[in-house]
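Presented sequentially are two complexes of subunit A, the first with subunit B as partner and the second with subunit C.
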Partner chain A sequence: MLEYISFAIMGLGLIFMFFGIVGIMQPNKDFYYRLLVTCKIDTVGIITFFIGLAVRHGISFFTGKIVLILIIMLILNPLVTHMVARSAYRGGYVSKDELEKRKLR
Partner chain B sequence: MNIPITEIALSLWVVCAVLIVFTKKMYRIIITFGVFSLIGALSYLFLGSPDVAMAEAAVSAFVTIFFIVCIERYYKFGMGLEDEQAEEKVKFSAKSVGRILAPTGFCVGLFWLAMQHLPMDDAVTVLRDQYLARFMYDVGGMNAVASIVLGYRVYDTLFEALLLVVSVVAVAHVSWYDKAEMIDRRHSEIKNSGVARFTMRVVCPIIIIFGAYIIANGHLTAGGGFQGGLAIATFFICRYLVYDINDLPIAKVMRMEKLVFVNITILPVLAVFTGVTYFATYILPLTSDVYLVAMNILIGFKVACGFFVLFYRFVAIERW
Partner chain C sequence: MMNIILIVLFAYLFFSMIRVAIGPSVWDRLSGLNLVTTKIILVIVIFASINETTYLLDFAMIYALSGFIGTIFITLFLSNRNRRKLEEFKEDAETEQENE
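Here is the complex of A and B:
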């Protein structure tokens, strides 16, 4: 029973990753859109997948390791996305919509 | 039809070596050197060691680019070689193109002939089975990869470390400016975000502990000097990126890296090539572990220093 639940959770993680990849492949979208979608793969997909793995293995030493990795991922992955977006904004990158708005003014 | 391909390749190797010695112009020497390496890789392939052939091809590609970059650099700053530059004007005539294309085409043809002669059986795994069966007695440690890298294949590890040293020296040389080292504590104009600062304060101790654990435990579990050294270098890179400090003496770190590389070459010469580990494991099981741990620590130290210097040189390029 626990095994099926864990498979369902891992499948949910795979679905999140699939949507993220579909979002990256969208044509005519600018950088910030793609960044927002990419962090779905990094953060949401992997966290769901790891929760599934932890459920599958029950309470053991292996689960402890997974939880440790999960905490580190939870701290670091949003930070990475934040840094990339921030440096792009600081470096003067402007999205297409913003550019058109500025032209209209 | 039985063509003595190995002999042909080896004799061409000698011809290329002679050409390298007696050519006077720099660019021509580099191209001949590339052909030399290619023929070397081919003859390694014929003699039954495709892994060494792959390494030779990769190293030759790297070295060619490195030499070309260095020579461009010298011409740019006018540090010697001016007379040669005056007489060497690259002309794309049919003769000069043919001079390059003819050896290349010949080597491609030779490679095609070699592919006809390769055996198409299953891969021979006798050596792998031997390694897996005997590594605990021969080298020691629980991790087969560590014992292969530090025991059976020390030469490969030495050259891998040497490649890192060469790349660090190349980056330091190419990114050399007249201005002094980055010792001043000037901060950049951009303020760092508070999120990154807080998170790094939490995570940096974990990174250091993780790297030290991987290095010290490399002979028992997955890991080793290269990976752990990279993790420790990450700490210094994060420290720069978040706190925006560059108060570390880069020249001293570079010198220290070279000294550690000398130690890395000396230790296997004393331990492995004289056979100390092989005999000592039967008497004292501890000895080989001491050797493995010492090698891992040295390699980790060297890799950390190397990547640290690489990163800081790129930062220097960006700043000035």
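Here is the complex of A and C:
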């Protein structure tokens, strides 16, 4: 019984991650939009995925390590995305709508 | 049953690699790389869960730390890449506002 519950939760995590992939593959959207969508949905996908795994293994040494990995990824994933966006802005990657705003197209 | 999840994860890995390959600018590739790292960590954790071994999780932990920190240093290197472009852009914006 526990097996199926964990598969259901993991499947849910996979579905969330599918939206993350869809988010990053959007051609017409802007870079910053894709970056935002990917990071947010990806983090949610990770959380659901690890909950599914924790359910599968119950309270054990395995779940403890999984929680540790979850904490590391929750801290680092948004951090890296912020750094990428910041370096893109600093490095002169001007987004399309910003260009339209300044009528420099 | 767990293999299905593995196959789907590898499919996601392939799609995010497409973004790394296509990405017009370096920063698109970096965000794709970030996605690839996350997927690889999940693959390692799934393997650990299938084989019921806990030592694999240490690999995932170390890979998570080093992969993300590596990406951070790449972004630091890239942040002043085409500094001139940003300055020119700002100067054009100022001249635009002056003659308005």
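The criterion applied here is as follows: the second predicted complex is superposed on the first by the 100 of 105 C-alpha atoms of A that agree within 3 Å, B and C clash if a C-alpha of one lies under 4 Å from a C-alpha of the other, contacts with A are read in each partner's own complex, and residues count from 1 in each chain.
Keep in mind that, in the parts below, contacts are C-beta pairs under 8 Å (C-beta built on N, C-alpha and C of every residue); 3 or more make two chains touch, one makes a residue touch a chain.
Everything numeric in this text was worked out from a predicted model, so none of it was measured.
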Subunit B and subunit C placed together on subunit A: clash or fit? fit
Check: Looking at the overlay, what does A:20 touch: subunit B (first), subunit C (second), both, or neither?
Finding: second
Classify the contacts of A:29 with the two partner chains as first (subunit B alone), second (subunit C alone), both, or neither.
neither
Which superposed partner A:83 touches (first subunit B, second subunit C, both, neither): both
*For A:40, decide between first (touching subunit B), second (touching subunit C), both and neither.*
neither
Winner on subunit A touched-residue count between subunit B and subunit C: chain C
Once both structures are superposed, the least CA distance from subunit B to subunit C in Å comes to 5
After superposition on chain A, the subunit A residues reached by both subunit B and subunit C are 72, 76, 79, 83, 86, 90
Listed in rising order, the residues of subunit C that touch subunit A in the complex are 1, 5, 8-9, 12, 15-16, 18-19, 25, 27-28, 30-32, 34-35, 38-39, 41-42, 45-46, 48-49, 52, 54, 57-58, 60-61, 64-65, 68-69, 71-72, 75-76, 78-86, 89, 92-93, 96
Per the touch rule, the subunit A residues reaching subunit C in their complex are 3, 7, 10-11, 14, 17-18, 20-21, 24-25, 31, 34-35, 38-39, 42, 46, 49-50, 53, 56-57, 61-62, 65-66, 68-69, 72-73, 76-77, 79-81, 83-88, 90-94, 102-104
In the complex, the residues of subunit B that touch subunit A are 190, 193, 195-196, 199, 202-203, 206
Contacts from subunit A onto subunit B in the complex sit at residues 72, 75-76, 79, 82-83, 86, 90
